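In the two complexes below, subunit A is the common chain; its partner is subunit B in one and subunit C in the other.
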Partner chain A sequence: MSNSVNISVETTCENQIREIAYDGTELYQPPPTLSESLAKCAARIDFSKTSLEDLKKEEKSAAAAEEDAKDANIFQESLWPWDAVRNKLKDAYTEICVLSDVISIAKDKRYLVLDPLLEDSDDTKPIVQVYTRKKAISQAAQVLLSGAERLRNAHSELRNPNVKDFHIELLRLRQNWRLKKVSNGAIIGDLSYRTAGSKFGMSGTFEVAKAEDVLDEETTTSNANSSGGNTPNTQISTNNGIQPNGSSSLRVIVPAELQGVAYIKVITQKDQEDLCTAQVNLMGHGPNITAQVGVWQKTLEFAQNVLFCKELFAQLAREAIQLQAPIPHVVIGNQIRATLLPNIQLIISLCHSTSFDSNQPAPINDHDHVLEHSLHQLLREVHYKNSHHPFPHPASAPLGPSKKRMIAGPTAADRDSLLEMTKTQTILEQIIAQAQHIFMRKRTQYVLDTLARDVKDPQIVSHWNAMNSPTMSCVKINIVTHGYDAFGRTSLVIHVKERSLKCICRDGRVMRLSYEPQELRDLILCQINSHQISCLVSLARCMAWTVLSNSNHLGIGKVEPLGNASSCLLASPNSDRMIAVQIRCDPQIDVKVYIARSPRQDFFPTPLVPEKFWENLGGNFKEVRFDKIEGKSFLNKMEFLMASLTSNTA
Partner chain B sequence: MGVTVLQPYPMPEGKSGAYIIDHLGKRLLSLGATHAGQFLVDCETFISTPQHGTPTRAVHVLHNSECPASTFSIIDNGTGKQVALVADNIFDLLMLKMTNTFTSKKQTKIESRGARFEYGDFVIKLGSVTMMEHFKGVLVEIEYKPCITLSYCWEMIREMLQGFLSINVGKEYPSYFTTQTIMNAMGQQQLHKQNDIYEPMDTIKQYLEQFTNYRKHVQMHSAMGGTVGPVMMNTVVGMGRP
Partner chain C sequence: MAISSARESLSHALNNRFLPNLEYLLQGSILDSAVEHLMHRLKGLCDNVDTSPETFHDLEVCMSLRQPNTNQPLMLRVRRALGRDAPFQMRYLGQPEVDQRRPTLVRSCMDCACTNGILDFLTEMGFRLEFEYIAKGYMFRKGRMKITVSKLIKIVPGKQDMANEPISQSYIVELSVVAPTGQENVGEEMRVFAEQLKPLVQLEKIDYKRLGNIP
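== the complex of A and B ==
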């Protein structure tokens, strides 16, 4: 069958093109003959890269590089692989021959003997061994001993609490004060109130350093267990040892202007007399930790106190100059003088003593804790307002107005309340208001107490409110007669403000008094006046006597120096006796009592008035010697009088 | 903020508004009142763009110089229900952004401006009402500061008004305070506004009521073809007339 097709399989013509003629014909390099290909394979043989072979290769490449231009290069390359192979084989053959010769000679043992190699004998002496072992062991022992020493120290520290290590002191210091380390290794602390909101310019930085031992245990040996990196210049005293009690291994250096002890003294002076005094001091407040932590705590506390007092005084002085008061405030040196009331002055002074005397200055009498605390609180309030701003709701509202102002819009606040919100008081104004109020309160108390002591007949009882504000107090005064409390009690409330008093009586009358004590005294006397008459009216009703008339403001007789006279006219149950009472304020309470009999004893019919019945019109009033009547009080005497004048005859 | 009552003053014939205000002011000063500044209450109205089906809503934005930090706003949906709001002054800026929904009708901007007198516990304001520079009338506002309930002090306010205005003020409460009947969850209830605690919003609502009256009168007048001049209030705003 000749259906099959002859297929010829040929390799592609992969011969290299040697030349391309100008007419496009290509001249191929003839494919390598079998011998050429064998030579190429032989050239690839790698005789385990002996140095000889490498050298030869290098030579070959060098030679090839040199003779690159020549045409004879091709020929030499084709011969070269065989040459290389031949040489390699020749060398290998030579070496094998030599080896076989050597082995045969060695086997003969006549000219060449093969002996095993002997090892080196160890020629060190035992003593050297001992020395090396000893050194090694002593080094190990050293390590162990130092470790044991450290453990022993730690144990002894735990047992003995008096040992003060610098680091423990530093830890205590850090627990109470703000410290930080600066670049040159020193430790700087801050005792100012900046973080609490103060804007005072004086810096309150202090430095912490190691205490140098005065009684030196002199070992400045290079015990390199110097604890921590501090200023490299400080002496490294043996801190591992136990320090002498009383001194600490830590020292603080405060700036010169904050050294010493300072306090602010507040005095109220009346014409060169001291009325009351206050000291402002931060000492004695807060937990006392000086006992456990040593001298530096006290130093720092004093320094902080000095800073606080300076800030307070600077603020007060600034306000004293800026404020305009009717009588201007005077600032001289470290004293501020302000006038509270005529003849009464408030003196605020900053006392700063730089010498460390342990005894406090002589305690000034009448130490006023209130003013002291107030000044402290006022400055703290300023600090607080500086650091706490009310958050605006919504968050896009401006930051600044107080919460009240922010809700003033939606709650339709009127103009007066908006105006109130804008008013602020400086520290000096506030402390002056408080001092004025304290003074007014003392004066009012004095007036009431002296009146209560002097006037015995109706008793004046005053109840002061326990809860007050720094600028207002209230007192309730009850005027009662002992034994007759049920008949009547006159009460009034007095609001004591900064420069005035406001009196509210039971009947609703409101009276405003000034700071003069005499006005209050007069008012109370007038109230006593009206009290007596009103109680008498109730008493008379009780005794079945008829009150014919009474008046609180009698306008007859001589003009009274104080207030108005009050009077009362009573008639007995039988209408046969009449009593007339007049009370005046002279300024002592002056009581006049008159009685009259109804059918006159001295009636004689005259031609003008002939009838007998005219005797019932009542006779003259005769004065009673009221001070001689038995009785403890006015009402008591009146009761006896009325009782004695009541007769049973119909 | 005490109880405030608005009293429109009936203008006598032939006298101008300025003359009336001057006359009343002199009376007050001779009574012993002290002149204490000026006051201004203004009202601007925004109408919602008319949409199919829903009645047009109106937003009234009012200011009162007595509450300078606040802006008042009342929404009037067409059915008569009113919703009131008190806000910060920034509310005005908000209204500017609402021009898509609400358009301002500048021609109905109305205000009451004048002198303010303080007389003891009373604050009396004599206001001349103007709308787009046209004088509309005299509106007297009287405030009694200590009291917060109208029913306690209405008699005193009435006496005071009659005293210096020399007009007859009716014994019944002003129209804003009359008892209303409302429906709520508990059935029909009577709302006694005169016994409630008085709020600054009540002043503004009264002003809105008065301003609406003035506006209606203008519309009536213009509908009748009359000129816009000094307005006689006898027929329409008859609150103070017996």
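== the complex of A and C ==
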């Protein structure tokens, strides 16, 4: 203990240094009194934390909070030390008052009803969370994958020059066809004639798609099928679809009922037997379209044609049923039969073939292209009339009535003419009329040609007017004798109509003939008769012979209504010879010539005729063997005959 | 069904609502300088404009008859197409009703085609000339809508046609449909069409009463 060292122990400065003087002495704050420390502690109570747990947490973070509390202390020291406590208590009191008010109101149930809150059923099971996350992730993955797919496609298109012009082709398609984009991104086109005035109900929509390789195609079609396309008729299987060749990057999908080739076949048939042969060739006829397949323009044109033919046939069939014909029209399947004239039938059939086989049967010979064209033209006219109404003049006049209808009021049209305005000829009626006319024209041509061939003597020359309407044509017939044109020319005009002929002769007679060819034949023969006689009369005058009598209608023979045998009686210049001519025309032209001489050179008196002057009475006609007389024609022979008889007397 | 008299058939037509007697009208105007654009627009929108647009040149004469009991005179408009062989058109227009709920102006309207003696006939009846003008322009149609773009030309009385001059430097554009009663969708159809002409011409229903005495 001897070398023990004194250690001074000083307590740490407990009190805060208030001030340090210049000499280094530190002035301490006096330690707080009991009341001061109580106030300090009271100020540190956080009244907002009330529950026990909160207090425990508070203790943990007490060290951190102490610094802040000190600052607050310093700040509040200037005020009355219990001020903060009082404020807090006052706040608590206010809250208690409010709470008691609320409870009293709630208990009263007059102003406020308290309902228990629905328990938030947010019990998230882990398995559900896993599923939702999985779904979200897979959706995101799909977005990424489709984006990548599109990029890859675009990239491969850039590399492949054949495929990249899809949009160019789409532009070209857009220039010629009506297209629109529908909500699900598909492009739908319309090839119907509705904008051109058609009122046909069948839809003509087609779908435009990008041509891809076969695998992709199948997937896209299956996708389209599963998504349930907007229009059912655009949904077709790829087997039915027209597969493009590689050259085109655009593909049009035409509904199944518009695929293939269609046309309207028009046949006029004379006898029942012909019907069978025509029906055999119904299917599979048409141009070979395999070469054109793949070019969408062709595909669409064909489809549009199919639609048009269907509309035309539907219209005709409807009219055929509605029309009240004496012999009813027959509609069987895709065939309409109408009777034109007795034993002559018009058959209109719709031929629609979807097979693309190249082995076509031989083309049908009796298919009438003119009538088919007329049918198309007629339907187009209907379309045109549907969409092109005349504009009214003056401009305030109502839109719609035709020009004829507009003047009906001011011109005081009667009921009949108004009713006449409402009548329109249906397409079927018009086509039947045209077919009848064509048939009548052919028949007239045939009759005239055979007559011109058979009858050599007066020549029959027929001039057909080149300009004619579909139901009316006109022929002028000249009958002349070769070498004697100056003596006479018989001409007549025949108007060929639908079921009748109208003949206008030179003398102004008008005759109406029916469709029977025999009537025309008889008429022409009678005209030949009268031609011969009239020419003979002028020839006789020319040769100084006297025409004693002539008659165009002797009243004998069969062809009564139009004229019949004609005759002529001629006398020589000094009246000692006579020629009698009779021309009959049933059924062939038959010429008979008789001559008589008075007085006879040799006269022998008999008890009955005692004197020679009785011979001047004439009579005793003798028939000349006319076919033996020299000369090319009837007039030529007659000229010879007259000349020889005249010279004999001289 | 047989209809005996004209009066009966008229009432029959009215009752069955196939007599077009209501005119739905929208009007607007466009300056001469911009009318070409409007014509192009109409060519694109209307039916059958593959040919050049239909022109018209009409003279409209409005005749009025003072009636003893009412202060509103009875007005009849007679319109004649100049240089064209078409009957005169006489037109009666009722009071326009500008209903806020309807998109167009609606007025009753009767049209009748007449012979050229109608003006003399009306004068004999006591009608007096109210005003006359020449309308010249173009006509389009879209469905049952009629669109006229016309220039109104003043007629100087006592002078020849040479002295006539346009009333203003703009064209009047009218969109009208004459339909039987009870076809309310006409107005909507017209409103949609008028929308399509919007930046060029503002087609509106014009309240004549607010314009005062201007015909």
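The rule we apply is simple: the second predicted complex is superposed on the first by the 374 of 650 C-alpha atoms of A that agree within 3 Å, B and C clash if a C-alpha of one lies under 4 Å from a C-alpha of the other, contacts with A are read in each partner's own complex, and residues count from 1 in each chain.
As a working rule, a contact is a pair of C-beta atoms (placed from the backbone, for glycine too) under 8 Å apart; a residue touches a chain by one contact, two chains touch by 3 or more.
Since we're looking at a predicted model, the values are computed, not measured.
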State whether A:Asn343 touches subunit B only (first), subunit C only (second), both chains, or neither.
neither
Regarding the shared-chain residue A:Gln16, is it in contact with subunit B (first), subunit C (second), both, or neither?
neither
Quick one: classify A:Phe391 as touching subunit B (first), subunit C (second), both or neither.
second
Please work out whether A:Leu418 is in contact with subunit B alone, subunit C alone, both, or neither, and reply first, second, both or neither.
first
Once the two complexes are aligned on chain A, which partner has more residues of subunit A within touching range, subunit B or subunit C?
C
Looking at the overlay, what does A:Ser183 touch: subunit B (first), subunit C (second), both, or neither?
neither
One more residue to check, A:Pro410. First (subunit B), second (subunit C), both or neither?
both
Shared subunit A surface residues [contacts with subunit B and with subunit C]:
409-411
Which positions of subunit B touch subunit A when the two form their complex?
1, 65-72, 86-89, 199-201
Can you check the complex and tell me which residues of subunit A touch subunit B?
405, 408-415, 418
Please give the residue numbers of subunit C that touch subunit A in the complex, ascending.
20, 47-48, 54, 56, 58, 60, 77, 79-81, 84, 86-89, 91, 111-115, 135, 139, 141, 144, 146, 148, 150, 178
Residue set of subunit A touching subunit C in the complex reads 387-389, 391, 393-400, 406-407, 409-411
